[in-house]
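Can you keep this structure in mind? I'll have questions shortly.
To keep things simple, chains are lettered A, B, C and D as they appear, and every chain counts its residues starting from 1.
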Amino acid sequence: MGKSGLLNASDIHGVWSILPTPSKPDASDWRATNTVDLDETARAVEGLIAAGANGILSMGTLGECESLTWEEKKVFMQTIVETARGRVPVFVGTTTLNTRDTIEQTRYAHSIGADGTMLGIPMWCNPCVDMAVQYYKDVAEAVPEMNIAIYANTEAFKFDFPRAFWARVSEIRQVVAAKYIGIEFLLQDLHLTKHRMKLLPLDYQYYAAARMDDFVDAFWSSGTVCGPLVSTTLRDKVIAARRTKDWTDAHAFQGRLVKTAAPFPEDSFKTFSIYNVALEKGRIDAAGWMNAGPVRPPYNDICPASYLDSWKASGQRWAELHKQLETESSGK
Amino acid sequence: MGKSGLLNASDIHGVWSILPTPSKPDASDWRATNTVDLDETARAVEGLIAAGANGILSMGTLGECESLTWEEKKVFMQTIVETARGRVPVFVGTTTLNTRDTIEQTRYAHSIGADGTMLGIPMWCNPCVDMAVQYYKDVAEAVPEMNIAIYANTEAFKFDFPRAFWARVSEIRQVVAAKYIGIEFLLQDLHLTKHRMKLLPLDYQYYAAARMDDFVDAFWSSGTVCGPLVSTTLRDKVIAARRTKDWTDAHAFQGRLVKTAAPFPEDSFKTFSIYNVALEKGRIDAAGWMNAGPVRPPYNDICPASYLDSWKASGQRWAELHKQLETESSGK
Amino acid sequence: MGKSGLLNASDIHGVWSILPTPSKPDASDWRATNTVDLDETARAVEGLIAAGANGILSMGTLGECESLTWEEKKVFMQTIVETARGRVPVFVGTTTLNTRDTIEQTRYAHSIGADGTMLGIPMWCNPCVDMAVQYYKDVAEAVPEMNIAIYANTEAFKFDFPRAFWARVSEIRQVVAAKYIGIEFLLQDLHLTKHRMKLLPLDYQYYAAARMDDFVDAFWSSGTVCGPLVSTTLRDKVIAARRTKDWTDAHAFQGRLVKTAAPFPEDSFKTFSIYNVALEKGRIDAAGWMNAGPVRPPYNDICPASYLDSWKASGQRWAELHKQLETESSGK
Amino acid sequence: MGKSGLLNASDIHGVWSILPTPSKPDASDWRATNTVDLDETARAVEGLIAAGANGILSMGTLGECESLTWEEKKVFMQTIVETARGRVPVFVGTTTLNTRDTIEQTRYAHSIGADGTMLGIPMWCNPCVDMAVQYYKDVAEAVPEMNIAIYANTEAFKFDFPRAFWARVSEIRQVVAAKYIGIEFLLQDLHLTKHRMKLLPLDYQYYAAARMDDFVDAFWSSGTVCGPLVSTTLRDKVIAARRTKDWTDAHAFQGRLVKTAAPFPEDSFKTFSIYNVALEKGRIDAAGWMNAGPVRPPYNDICPASYLDSWKASGQRWAELHKQLETESSGK
């Protein structure tokens, strides 16, 4: 059972780190089994908590929910939960092709002590608002003590996550957060969800989102595992700005942060969504803080080198910023 | 092991009936297990073979590959295979979110005697040609005695199935057929696939496709289970036209057939793909030849009544045509 | 006034050649005026008629309706009409951003003797069926003796040209033809338009379309100006096949024809629609039968060389086929 | 010649009001000519300036650039310029289907004293970055004393306005502003445009945009003509917040403002873009501050009543807020 019990939106704050599922060297081969590097998993979770991450999100797209076997998922989530030991909330991905498989996996995750599921929408048929909301309701009803973070990915789930969705899904008690996407509709969705859940923007958009509304005090970050000090610094600069009403420092930090970013291939999230796993794992491995390892099939060996290089460089820039921050903080 | 061994493209001809996965009355409830109505399954398979169907395709979208549990899939495919007893080739769906799960399911299907898999593409990340071709190659290599029919559904798999895909995937020995979509590029794709595989158009487009090229002598039909005599008549009219070089009769029959069709909601395949399962099961049940039963979650209870009514009416028109053909044929 | 008066669908048959708007050497410069090469225009029109083309379509997309000034359009259409002298029907493009400008241009075209307009839909706002049908009705009412060919281009006009559109627009007396796109819905649209208008497929799809339904006896071709004998041979092979009920020869010719085709860049009509003018003019100039000349701004100098080369090669293959056919026919 | 000469980005600030093109009662009839209500035009311009608007943008989509005749455009822009008498900068729309027509219209606009053009991209062929940037360069070169505001509308111009576009187009000296769309990429585009131009967000997003970056101090508003005090209050609240570093009041006002908004039909900008003109003119007329009048063809009489009602209600809510602000300010 989840260490934290049912959370409230106010329990979700700070840095929510996306954790990749570290893979062994042969993991790109379809013949491989038990491809999860559990030692690296434990090391990364311990490292994130030590560095001050406030929560862990796993088994979304870059976490390869889509290409892990069920046996692998089980040992992976066990390792996270056992390593975290309740020190931070742990959300694991239990997205499948249908309601019943998701319920089975979510029940298991709850039974071993995961605090929540970062849950996407079955994506075979095209979703609609009615279907998506009913699906979250059914899962919530079936596993009533499990926290749910909506995993909002417009390409993966072929769904625009429109205003009506947020208004309705936020009425489900267990839905306490969302790995939210974009800031275009953030103010509207904050209004519609009535503070019943936290909408977590991406790290790169956290500064902008945080300025829009004080309720925004958490973000998700796949960069944290490239160097956690970047993420915690971002978090803390915003906290300081809110206290002092002086955003100069936070704005300046945003300027440094944004320089680490990589562009989407062809400037397109749609194209990025072909190579998502390879680009993110490549970026993480290039940063050097942890070892994400090879991509699992069928998404291995398809990413053009030029795209990959651009994301590796992003990881290196992030790592460099992490190092600079270490120096700066030790200099104080 | 498959009764037929490795097929050749020339082994695929005639009516390939899509079989829904009949469900028990409570199947829309997420609490339900063992939702497959096996008696109805056996009855339908026996009926199709008796009526002269040339092959069976199952567990695509309307066959709810996406919302069956693995346990259900296993008993369903067992029942089909045992009923068919090698009289016609049986292809079952083993599409999953990744290569390894698909291989596991395909191996199982092969082990119990299915002749082939009607196999779609993992649809979480956006596919590209390289990924899709490699995926089919990996599955073919892992289960070398299994026949493969490409399941080409542009919405479900977010993939345009472009010319380069067909040229390359047809080089895989085991790829012998495709549940093909549309006729726009049929001539081009026939050229590119070099007679190594059969591209099966939809029943409603079979007349047009068959006229384009003599190599086209098979089609898929979700209407067959609404009244098989319609499908077999269509098949036989084309055979007769080819023999006599007189297409008058086949053209006239196409005119009768098309009157049974239902429009896509909003004239859009994208919108249809939200309600696919409900519309197809509703159409089948309205025709009365077999009982497809309720839709499994998460796709239950979302389809607007006006859309559903239109598809039910289509099923009734198909059933009526089936009955007319019975009368006509008995009158001869 | 149009030489032909109001046409009927049955008046539209055979090869309808797309005519580019030949440009002078400086036509890519925004400073240039009077960029239409009228001598080449007259030469091409005379050549097409001499070669047996059955109708002329001009000022669609590749005909640069979008980038000609009104003064240029006027002299261009005058030249076509004066050269054709009523020997074949001449349709000129009068698509603009709104109903009233289109009416003004259509009235002018009618006044100088054009038989019809190949008319697209204002494309600033997104069209809907109601808007599109009303627009054609208004133009028809304003210029009641002008024939209209619907110019169906899904990318240019952001419009899917759905079934409901064809059913309704074909009720307008003056709508006698369409530069139709694709064959996917051809049988349905033939049914819905009730033989009130001709739906002209592309040359490359004419064989397939003609086999589907005997009513299809005309096609549009931007290849005709790459070597008209290819188009007229295609036309005549189909006529012969219909007479003899033996399609072997027509099918074989389709096999030769298709080898001249160029792929859409990235296999995508959307991408093609960025470079449409450059690719088509490049293909025509490479074929050598006429001189289409440089692209007018803003569509000049943007096309990647690799795409252009592929289309130039297509033009050369078409020209070669034209030459082969000359040899073959002289050999008889 | 433009009253202001060449502007700098810093000259663009405050409320930039979108002005519809008021139409006479018969303007929906394609037979109508001279449909611009010039008295209402003069009245509205005078009213906007009196109310404190900082700039005027006209003849975008709701301003019916697409459906005005050239004669109408000329008298309309003359009236605006003559009424404004240089008190605020006036930008008029000169978007056409091609570079040369746009240059002709832009030259005319400059010759009569318009300060700038709000300029969209030719939208017949699909734009690409190279084409779009070259087009703006050509226009700038041809009319070197004319200021240019990029009119960024993703649906009208089929263009995503990606990062590379902004980086490059902002290098053109005369490009000083953009009717920008969305806030998703605002921080990135601010970075890329290097303060060479102002990116004007929509009024409803101005609060959020202004918080992101102090450089954002101007916005566009089609609401201003529904009651200008709303727009000027929004502007002034942000100015005050920046001075005091206390955003409480501005945030509260944003809360009042957002309640006046209407949803896009079907929550979709794509669908909105079918009915754009009708919805915006309906909203303005319902507010009662000015009379926008009927929609010009081909966009008249197509908008479903339910969509229209929703936008009329939005206009009324805006008007009510305007009235409340009058009361509040007179109470001070």
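Keep this in mind: a contact is a pair of C-beta atoms (placed from the backbone, for glycine too) under 8 Å apart; a residue touches a chain by one contact, two chains touch by 3 or more.
On a predicted model such as this, the values are computed, not experimentally measured, just so you know.
Chemist: Among the remaining chains, which ones contact both chain C and chain D?
Modeler: Under the touch definition, chain C and chain D have no mutual neighbours whatsoever.
Chemist: Fewest touch steps from chain A to chain C?
Modeler: Counted as steps through touching chains, the separation is 2.
Chemist: Specify, for the interface formed by the sequence copies chain B and chain C, whether it is same or different in terms of residue numbers shared by both sides, with half as the dividing line.
Modeler: Since more than half of the residue numbers are used by both chains, the interface counts as same.
Chemist: If you average the CA atoms of chain A and of chain B, how far apart do the two points sit, in angstrom?
Modeler: Here chain A and chain B have centroids separated by 38 Å.
Chemist: Roughly how many whole angstrom separate the Cα centroids of chain B and chain D?
Modeler: Roughly 52 Å, centre to centre.
Chemist: Taking touching chains as linked, do they make an open path (line), a single closed cycle (ring), a hub with spokes (star), an all-linked set (complete), or other?
Modeler: Here the contact pattern is a ring, one closed loop where every chain has two partners.
Chemist: Can you work out from the touch definition every pair of chains that touches here?
Modeler: According to the stated criterion, the contacting chain pairs are A-B, A-D, B-C, C-D.
Chemist: Would you pull the chain B residues touching chain C in the complex into a rising list?
Modeler: Result: residues 160, 162-164, 182-184, 186-188, 191, 205, 207-208, 211-213, 245-246, 251, 254, 258, 263, 267 of chain B touch chain C.
Chemist: Would you pull the chain B residues touching chain A in the complex into a rising list?
Modeler: 30-31, 33, 61, 65-69, 96-101, 103-104, 122-128, 130-131, 134-135, 138, 142, 155-156, 158, 270-271, 273-274, 276-277, 296-299, 301-302
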